[in-house]
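Both complexes below contain chain A, partnered by chain B and then by chain C.
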Partner chain A sequence: MTASQTEPAPHSKSRFSTVLPYLLVAPPILMVFGLIFFPALQSTLRTLTDAETGAFSLARYEMFFADKTSVTSLIFTIQIALESLLGLFVICFPLALYLRFNTSRIATGVQMISLLPMFVPGIMSAYALIRFVRGRGLFETLIYQVSPLLADAYYSPYVKPEGIVIGLIWEAIPFTVLILLAGLRQLDNGLIESAQDIGANRWYIFTRIILPLMRRSILIAFCLNFISMFGAYTIPYLLGPAAPQTMGVLMQRTLQDYQQPLEAETQAVITFLICSLVGLVYVQSVSGERVRKG
Partner chain B sequence: MSTLSLHQIRKQFGDVVAVHEMNLHVNHGEFLCILGPSGCGKSTALRMIAGFEEPTAGDIRIDDRSIGMLPPNKRPTAMVFQKYTLWPHMRVYENIAFGLRLHGFSRKDIDEKVKGALELVGLPAYGKRFPSQLSGGEQQRIALARALVLQPKILLLDEPFSNLDALLRVRLREELRRIQRQVNITAIFVTHDQEEALSLADRIAVMNKGRIEQLDHPSRIYEQPQTLFVADFIGVMNLLPAHQDGGEIIIGSYRMPVPSGNEYSGDVTLAVRPEDLAIVPSGSDAAWNGQVEHVIDLGHYRKVLVRTEHMGVLKVYLPKAVDVREATTLALQPTRYTIFRDHQTPIEVHAGSVPQLSLQGMA
Partner chain C sequence: MRLSKWIVRAIVLGLMLALGVVGVHAQEKSVINLYSSGDTNITDWFQNVVIPAFEAEYPQYTVQFTNSRAAGDEPIIDRAIAALTSGDDPMVEVMDIDPRGFASSIEAGLWYEPTVEDIPNLADVIDAATRLTPLAAAYRGSQVLIAYNSEMIAEEDIPATFAELLEWIKANPGQFVYCRPDKGGSGGNFVRRAVYEVSGKDPSVWTPEFDQSLADKYFPEAMALLQDIHSSIYDNGAYPAGNNPVLELFASGEVSMISAWSDQAIQGINRGFLPETTKILQFSDLPMPGGYTHLAIPKNAANLKGAQDFVNWMLSPAGQSLVVEVIGGFPAISWDMLSPELQERFNSVITDNVPTWPGGDYNPLLTKAWYETVATNIDPNS
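Presenting the complex of A and B:
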C-alpha cells in the first residue's frame, strides 16, 4: 500500500467536521419544527382562510377583536403578566443583590429557600396557595390568632386577579433569582468599588452602574417570564376569577366547554404572536449585544 | 499639604491576621511603594486606607483628621485598581465625568476638567471611545485620569500595571511618576514587583506576613536590608548558612573575620549580593573556589552560577568583558557581605580591598 492509500483523504475529513455540527443540532431543530413551528404555521394559515371558500380572510381576527370577552381577556392577560413581572422584579432584585453581596450562612439558607418553588409542581403550589390565602385559610387563621379585628379586615386574593399575580410570582421566583444572580455575579467587584471610590452612594451604584450592566439579564428574565406568564394555565385556572379570564383559560374553555376549535385556534395564534414578538425583542437585543462586543 | 498616617492598624479575618499593628506616615507629595509577596497584607492595607476594608483596630488619619469611620465614598482618596475597572457601558468621557457629576460640578467645569485629565494622561482624543475600544495600557491611563480628576488628597494604586506586558509597564510607570510629580499628589503604590518599586518610589515599605519589615529609601533597602527576608526578597542575594564562633565566621573550611564588637557564638546567615563577589587570583587566601556550572547572558552583563564545595551554587554577576566559560574553575571573594543572626540584627561587613583579578587577565 502506498502512503496516499493508508492516510484518509484530508478533504473527506474536513467535510465530515463541517457536517458534524449540523448533524448534532438536527434532531432538536427537527423536533421544534415538527411539534411547534409546523402546527403553528398550519393553525395560522387555517385562521387566515375562509373555511367554506378556502380564500384568504381576516374574518376570524375581526370576530376576535369584535368580541368583548376575548378583548377583555387579552387585555387582562397582558395586565396580569405585567403586574406579575413588576412584583417579581420588586421581590427578586433585592433578593439577588442580597445574595450577591452577602456571603454569610444566612444568605446560603435564603438562596436555598428562594429556589424551593422550582421543585414544587405547579398544581401542588396552586393548591398550597389556595389553602393558604383563601378565606378561613391558614393565613387568615394566623392573623386571627394575633387579632380577630385584623382577621375581619383580611382581603383574600383567592379567585381574584391578585391571586393569579401571587401564584405567578411564586412560581417564577427561583428562575428569576437564578438569572439575576448569574448576571450580578458576572459584575466585577472592582466596577462597584471604583464607583464607590469616586463618591457614588448605593443608589447611584445601583441605578448608574448595576442596572445598566445588568440590562441583558433583566431582559432575559423579563422576556422569558412574560412568555411563560402570558401562556400560563394552571395558576390562572385554579386561583383566578371566573371573569375576566386569562388567554390560557379562555382558550381551554372555548375549546372544551364551548366546542369552538377554530375560535380557540385564533386565540392561540394571537397568544403565540404576542409571545413571539417578545421573543423577537429578546433575540434581537442579545444578538445586538454580541455584535457590539465583537 | 496632604499627609497620611496609619496608627497601629490591624486587620483580622476570622483567626487569620492579615495586617499586624501597622504604623506608617506618608509625607505630602511622597510616592510610597508597599512591596511584598502575594498574601503579605499589602492590598488589605491599601483597601483599609480606601475604606473597602474596616480595620479591626487602629486609626487612619489624613492631614491629622481621622477617616477610619468614613465610608469609601466620603474619603478624600481615589484608587486605581489592578483590573481595568472602567464602566463598559459608559464612554471614556462619561467614565471620567461620573465622579464630577456626583460632586455637583457644573457642565462647563466638568468639560474642562475631563479634557484636562485626558490631556494629563496623554489621551486627549479618546473621550468618545468605549473602554472595549482601548488597549490595557490606555484603559489604565483612563482609570488614572478618572481617579485624578477629583483631585483627591491621596492617590492609591493597587498593582495597576500587573496585567500589562513588560515594555508597557516600564513606559507607564515612567508616565505615572511624571504625572504624580506634575500634580504633586501623595501616592501609595502597592506592588509585588521589586523593580517597579525600586524605580518608582521615594520610599519603600517591604511587607511580609502582615508586618512592615523595613521602611526606607530604595537604595538603602537594596544596600542595607534590615532583615533576612528583605535581603532575600529585594534583588538577588546569595544566602549562605554559616556558624559564628566569637569573632570569626566559619563556612565549611573557610574562615572570615567579623568586625570587633560583634562577637557571638551560634548559627548565622551570610548574605552576599552577586555583584559583591569578586574574582580573585586562584590560590588567594580565603578565596572561595568553585566551578562554573552555567553562564547566562543577560545583555549588558552575565549571570554565572558557580558550584562550590561548602556553599552550594553561588550567583555571580560579571561584566561581559570577562570571558567565562562553563567548567572553568574560579576563585571568588566577597567584597561586602551582611551577617544576620535570628533573621534580623544585620552586621554589615565591607571586606576592604580584595586583590581582584584584572579583567584583561580573564579576557
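Presenting the complex of A and C:
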C-alpha cells in the first residue's frame, strides 16, 4: 500500500462529489429560469419595444404613467404594503419578544395561536374576516353586547383600504413571528444579562442590543412580506374598495374585464420590477452576511 | 379432487365474466367533460341534480364535471384552442359559458354551431334566447330584480320605476347596495339599466353590433346618474366584489334593498338564507336586463355526439323543469311547455320581457367608465 496506489480513488470520488451538488441544484435552477426569469425577461423586453417596428420604445410606460387609475393604483399598493408592514411589526415584535423571553405554558399556547393563520387558506380567512369586521358582523355584535353606543360608532373596514391592511397583517403574522423569533433565539442571553448587570434598562437593551443584532431578521421579514403584500390578490380583491385598487386586482381587471393584455403586461412588469428591487435588497443582505461570516 | 376442479373452473369463469362486464361497461360509457365557473348555486345544481338526472336517462354517458370558478374558463379555452391546432383531445365537451366573452376563441373558430339536426330540442328554444349568438345554445335565463325587506320599508315607499328607486336611494342613504359591475351580473345589469334609462328606455337601441357613438353618447349620462347616488350607497359608496357579498349584506340586515339575480333571490328565500320578509319587485316601466346562459361545445370535442346529447337533454322539458324548480331560473323554452303546477308556482317571475344587454365590446367600456367615474366619484368632465 503506497500513497500512489490510493491516489486515483479519492481523486475520482472528489470529481464526482464536485459535480453532484450542481447536478442536484440544476433542476430547480432550470425551473426558476425557465418558468420565471425567462418569461419575465421576455415580458420586460416586450414592454420596451414597439410592437410594429421592434424598435426601443417607452410608449407603454408613458401610457401607464399618464393614466390616472394605474398611477393611483401603484401609489395605493405601495401605501398599503408599507402600512401593513408597519402594523405587522408593531404586532409581531412585542409578540416575538414575549415568546422569546417567556417560557410559561401560556407562551406556548400564544405561539400556537399566532401560527394559526398559516394553516388557514387565504380565501377562507378573507371570508372569515368579512363576516367578522363588516357592519353587523361578529365584531360589531360583540361590541353591541358591551355598549350599544360604542357599536353605533363602529367603523367597518370592509370594502375599505383598512380592510386590506387588516387582512394582509393577519395573513403575515405567523411567518413574521417565526422569522423574528428565530433571530431572537440566536441572541446570546449573556449579552443581555451583562447589560442588565451594569444597570441598562429594558428600553436601552432593546434599542442598543436587540435591535442591532436583529437587523438581518428584520430585513428578511420586511423584504419577503413586502413582496407578498405588494402582489397580493385575494385579500385586496375581497376586502378592499372598488377604487382605488391594488396592482394585483388592477392587473386582473385590465386583462379580463378590459381585455387589454398589453396594458396588463406593463402593469405586471412594473410590479415585478418593484418586487425584484426589494428582492435584491434581501439577497444582498443574506449573501452579505454569508461573506462576512466567511 | 373433482370438487376443487369445479371450484377452480367456477372462479375462472366468474373472473372472466367480471372482466367481460367491466370491459363492456368501460367501452359503453363515454365521458362528457363539463366545465362551469358559475356561482355555487349553479355548480351545485350541475353536480347534484342535472348530471345524475342526465346519466339516469342516458346510461351510456358519464359526465365528468369540473368547477372552473377558481382558475377561470380562460385556461380551459386556451387549451382547447391549442388542441385545435395540434389535433389533440381538448379534454372538454361542454362549457357553461358565452363564447362572445372570449374573443380569441372566436378568432380561432373554436366553437361548434348547434343545429336543429344535431340537437332537435333546439327548435323549441324561444326567440329571445336564440337570437344572441349562433355559437352556443342558450339553456337558462335569469333577470336582475330588486329585492327588499318588507319589514324595513313601508309599502307606500316602495319604488316602482328606476327613477323612483334613485329617489328612494337618495332619501335613504346607506340602505341600498349593488355590486361592482364586472364582479357580478346583479351589479352589471343595474349599471346597464341606468344606460337604458338615459337612452329612452328602449333596449332595441343596443344591438350586438358595436357602435362607439352610442357609447360616447349615453355612457357618460348613465354614469352621472350613478354618481348622483354614489354617496348614498351602503357605507358611503362601498361596492362589494360580487353577487353573494351583496346578498350577505342584505341577509344580515345591513341594507334593506339590493339588486339581485332572480334565481339567487328566489333560492335564498326558499332556503331561508334571506329573511322571510324578503320581497322581490321588477320595475314597471322597463325591467332590469337579464340574460341567457349558454352551453358551448368546442368543435374538436372528442365526444361531440355526447355533448350534443347532453345539450339536447338540457333543452327538453325535463331538463328545463330542473332550471325552474331547483335554481329559480327562467327556461329557454316557452313556459307553456312546462307543467301547469310549475307555471302556477312561478307566476310572480314569469315574464316575456327580458331586455338583453348585447355585451361584447360595450362591456369593457362600461366597466371602465364605472370604475373611473362612479367608484372614484370623479367627474368625467373635470
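The rule is short, and it goes like this: the second predicted complex is superposed on the first by the 282 of 294 C-alpha atoms of A that agree within 3 Å, B and C clash if a C-alpha of one lies under 4 Å from a C-alpha of the other, contacts with A are read in each partner's own complex, and residues count from 1 in each chain.
Convention: a residue touches a chain if its C-beta (ideal position, glycine included) is under 8 Å from a C-beta of that chain, and two chains touch if they have at least 3 such contacts.
Here the structure is a predicted model, which is why all the values come from computation and not from measurement.
A.B. asks: Please work out whether A:Gly137 is in contact with chain B alone, chain C alone, both, or neither, and reply first, second, both or neither.
C.D. replies: After superposition on chain A, A:Gly137 lies in contact with chain C alone.
A.B. asks: Tell me the contact category for A:Gly87 with respect to chain B and chain C: first, second, both or neither.
C.D. replies: The answer is neither, since A:Gly87 touches no partner chain.
A.B. asks: With the two complexes superposed on chain A, say which partner A:Gln259 touches: chain B (first), chain C (second), both, or neither.
C.D. replies: second
A.B. asks: Taking the superposition on A as described, I'd like to know which of chain B and chain C A:Pro157 touches: first, second, both or neither.
C.D. replies: In the superposition, A:Pro157 contacts neither chain B nor chain C.
A.B. asks: Would you please give the residues of chain A that touch chain B in one complex and also touch chain C in the other complex?
C.D. replies: Touching chain B and chain C on chain A: no residues.
A.B. asks: Report the residues of chain C in contact with chain A in the complex, numbered from low to high.
C.D. replies: Residues 72, 74, 103, 180, 182, 235, 238-241, 245, 248-249, 252-254, 363-364, 367-368, 371-372, 375-376 of chain C touch chain A in their complex.
A.B. asks: Which stretch or stretches of chain A touch chain B in the complex?
C.D. replies: Residues 188, 190-191, 193-201, 204, 208-209, 212-213, 215, 293-294 of chain A touch chain B in their complex.
A.B. asks: Residues of chain A touching chain C in their complex?
C.D. replies: 68-69, 130-131, 134-137, 156, 158-160, 237-238, 241-244, 253, 256-260
A.B. asks: Could you pull out which chain B residues touch chain A in their complex?
C.D. replies: Touch residues, chain B against chain A: 50, 52, 71-74, 77-79, 81-83, 85, 87-89, 98-99, 102-103, 132, 143, 146-147, 150.
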